[in-house]
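Step one of this worksheet: look at the structure below.
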Amino acid sequence: MNFLRCFFAVFYKDLLSELRQKEILNTLLFFGVLIVFLFSFALGTDPGLLKKISPGLLWLVILFSSVLALDRSFQAELEEGCLDHLVLYASSQRALFLGKTATNFCAILIVQVVTAFAMMILFDLPAPDDFPLLAAAFLLGDLGIAVLGTFYAALTIKTRARQAMLPLLLFPMLIPLLLSAVYATQTAMEGSLTNSGGSWLSLLAIYDLIFLTACTLAIEPLLET
Amino acid sequence: MRYITAVVLFIFFAFAQWWGLTQTPPDAMMGEVQKIMYAHVPAAWNSFLAFFVVFIASIAFLIRKKRRPEPAEGMFWDRLARSAAEVGVVLTGLTLCLGSIWGRPTWGVWWTWDARLTTTAILFFLYVGYLSFRKFVDNPERRAKLAAPLGVLIFLNVPIVYFSVKWWRTLHQVQSSPSTMDPAMVLALRLNAFAFLGVLILFIYWRYQIAKRKSEHEEAL
Amino acid sequence: MQKKLVLILGIVIIAGALGYLAFGKLENNIVYFVTPSELLAKGEVAFGKPVRLGGMVKKGTIEWDAQNTLLQFQMNDGTKEIAIISHETPPQMFQDEMGVVVEGKLSPDGIFRADRLMVRHSNEYRPPKEGEKPAVIYKDLVDTN
Amino acid sequence: MKNPVIELKNLGHRYAGTWALHRLSLQIDEGEVVAILGPNGCGKTTLLKILATRLAPTCGEGTLLGHPLSETAPIRKGVKWLGHELGLYKALTAEENLDFFAKISGQKILGRQLDILLEKVGLQKNRREKVAAFSTGMKKRLSLARILMENPQILLFDEPHTNLDQEGKKRMSTLILERKKAGCTVLFSSHDHPETIPLCDKILALNHGRLVYFGPPGQIPKDVIL
């Protein structure tokens, strides 16, 4: 009971301050759309090429912009020493972690949807073939990024060179997620000659399940130091 | 005594390599190139073993922590994890280089996005990240506390990485088993696997001693 | 007590998920490459789409033009076959009756133009039989240069 | 009725090769007000953080309210700490801040209790204002309200008098005495000797992480540097 209350309180608090300050969301949305824009300059105007690599590009944009969001979400706690009080007052560190994960998940999901739209317009992509598959890929992929990202942000928060450490540690961990998410997205967007997206979705789900459990179990020593 | 062990191990290692290079038949398809296997495969096996040691040591650190906050015992597990990670990274690097050299004549490319090669490369990145993370935390106790969950998490990712990459591209042959190999080759491979195991244990022991001296030196300051 | 229970539950979930991944046969739905008969069965849809194609090199169909590094051969899966054109130097193990995977596109003229050629090596290692000379095919290919 | 609520035995904390606290052993009884004095970097903040269970000691033992330092959950219920940084969310209002901390610590806080709390620290008019608009003094008072939510048995203040005007300092001292009357043990670190000496029952003087004096304020030896 206390666990749920703590979880929702953290989630609500983060959402509320984000909605009032709009620091993360504004930066991220701008960043995402800007990168999509830059890609079309860097890769030339060959529409076939852009179409072919757009699922990969989309997930790369999400990966890079989520690092910004994750770092920011813990940096905000470091200001004014909020993290100390958060840890001392919270009835459960795990609820704290899950609450923060939930907010980050929402932020990443919003950026993902907006970036995907920007990409469809700028790259002239056709409407997705398989909409439920696409939605599932977005949800599961973003959940995984949020879980591991929040964990790694908590890990690197008090180290030197924090902003360099976070992607260095996080990105190799996310490779299975990136692979499955890109393939599922690709299948959903254009259909495939060979594959169905189902197996990739189950791999995403398994990945999320494993790390949601493992990170929740292992978070306490990170926040307590 | 310590030096004798080291010398014996290295003689055994050299013998195993010599055996693999000269006393086994060449492969029907690949010819003499196949003999890279006697260094490549044992290095790969033993690097996995080293990473498993990191995993176990990290778990041991976390479990011990809850029972009794006694720094000395915790530091043992922490140093063990660190030394095993270092040796594992070196062996993984060796595996990658040898695999690349083997791949050029057999597959026609230096690097291919094959499942096992790619998995090994990701492993390499993950554990290099683990080691560099340790470098960025100054306080030894804090470092131990933070690195332990990381060591566990990275190892949990290994099977997922393996399966995802395997589905992504599969070119590497199915795992060989003794029944698909010539007995002379199996023998040489086993011999070399034990030789590498000896080197692995010796290196971990040495790195552990260095880490211990270092922190003793720090404490004396 | 409750803490221990949560820990055990977590470990069970992780182990279960990993076990499902390893033994769940999820990869049955993943297709790494298509065979020539599968590709041809798609008809016109397949033209110009990047795809991986796998099969055996048909015996006696390899034509290697070293000057222009042009390789032509027929790929066979037992029922259908497709002509492959590649501009890459084939690897050492490339030979008759060998399993290969190529990446490229099928043109409307029925020829598959490959950007990449990979040999599938079996997991068998054995010494050469009498009269077999290891790696001789590779030398033949290189010597013509 | 001497009843020790804080007992430390050979407590030490090492940071980056130096001892921030070294072999600290002492006992503090229930209802005592103790001022921690000493030059900058002598270990005041470290000691308070260890007592607040935010920092684990490198060696030694400590017992708070009968629980060893490693059992953080029951200690955190009864021991409240206020550091240099106040830990308030500037995008939230005063009310929302209190409500948030009450919720994550698993208490139910009613509107009326909130009124009383805010009135006690003189912020009832600003309850719907964002903390970002608050002055330092107001922020400090708000964090005091947060501490008083749970009726703690031990209070740990890290330099409560700094950054306050005369009025604020007086208010703070009154509060400390009021808590003492309620049976609460108070530890605070300070630089303002004239303000703090009349408040406290005992003085704990630290220098380079070592205890140099622990006893009534009247008997400090001359050679102890504060």
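A, B, C and D label the chains in the order they appear, each numbered from 1.
Note that in this section a contact is a pair of C-beta atoms (placed from the backbone, for glycine too) under 8 Å apart; a residue touches a chain by one contact, two chains touch by 3 or more.
Keep in mind the model is a prediction, meaning the values are calculated, not measured.
Participant: Among the chains, which is located farthest from chain B on the basis of C-alpha centroids?
Facilitator: Checked the centroid distances; the maximum from chain B is D.
Participant: Kindly work out which chain lies most centrally, taking the average of its C-alpha atoms as its position.
Facilitator: Checking distances from each chain centre to the full centroid gives A.
Participant: What is the distance, in whole Å, between the centres of chain C and chain D, each centre taken as the mean of its C-alpha atoms?
Facilitator: A distance of 69 Å separates the two centres.
Participant: Measuring from the mean C-alpha position of chain A to the mean C-alpha position of chain C, what distance in angstrom results?
Facilitator: Distance between chain centres: 35 Å.
Participant: Based only on mean CA positions, could you tell me how far chain A sits from chain D in angstrom?
Facilitator: Measuring from centre to centre gives 39 Å for this pair.
Participant: Measuring from the mean C-alpha position of chain B to the mean C-alpha position of chain C, what distance in angstrom results?
Facilitator: 29
Participant: Give the residues of chain A touching no fewer than two other chains, as numbers and ranges.
Facilitator: 199, 203, 206, 210, 214, 224-225
Participant: Show the residues in chain B shared as contacts by 2 or more other chains, in ascending order.
Facilitator: Only 138, 156, 160, 163, 167 qualify.
Participant: When you check chain D against every other chain, which residues touch at least two of them?
Facilitator: Residues 56 of chain D each touch two or more of the other chains.
Participant: Quick check: in the complex, which residue numbers of chain D touch chain B?
Facilitator: My answer: residues 15-17, 56, 58-59, 70.
Participant: Spell out the part of chain C that touches chain A in their complex, as residue ranges.
Facilitator: Touching chain A from chain C are residues 6-7, 10, 13-14, 17-18, 20-21, 24, 26-31, 33-34, 39, 42, 45-46, 49-52.
Participant: Under the definition above, what is the set of chain A residues touching chain D in their complex?
Facilitator: Counting only chain A, the residues touching chain D are 2, 5-6, 8-10, 13, 16-17, 20-21, 80-91, 95-96, 224-225.
Participant: How about chain B: which of its residues touch chain A in the complex?
Facilitator: 62, 65, 122, 125-126, 129-130, 132-133, 136-138, 142, 145-146, 148-150, 152-154, 156-157, 160-161, 163-165, 167-168
Participant: Can you list the chain A residues touching chain B in their complex?
Facilitator: 151, 155-156, 158-161, 165, 168-169, 172-173, 175-176, 179-180, 183, 199-200, 203, 206-207, 210-211, 214-215, 218-219, 221-222, 224-225
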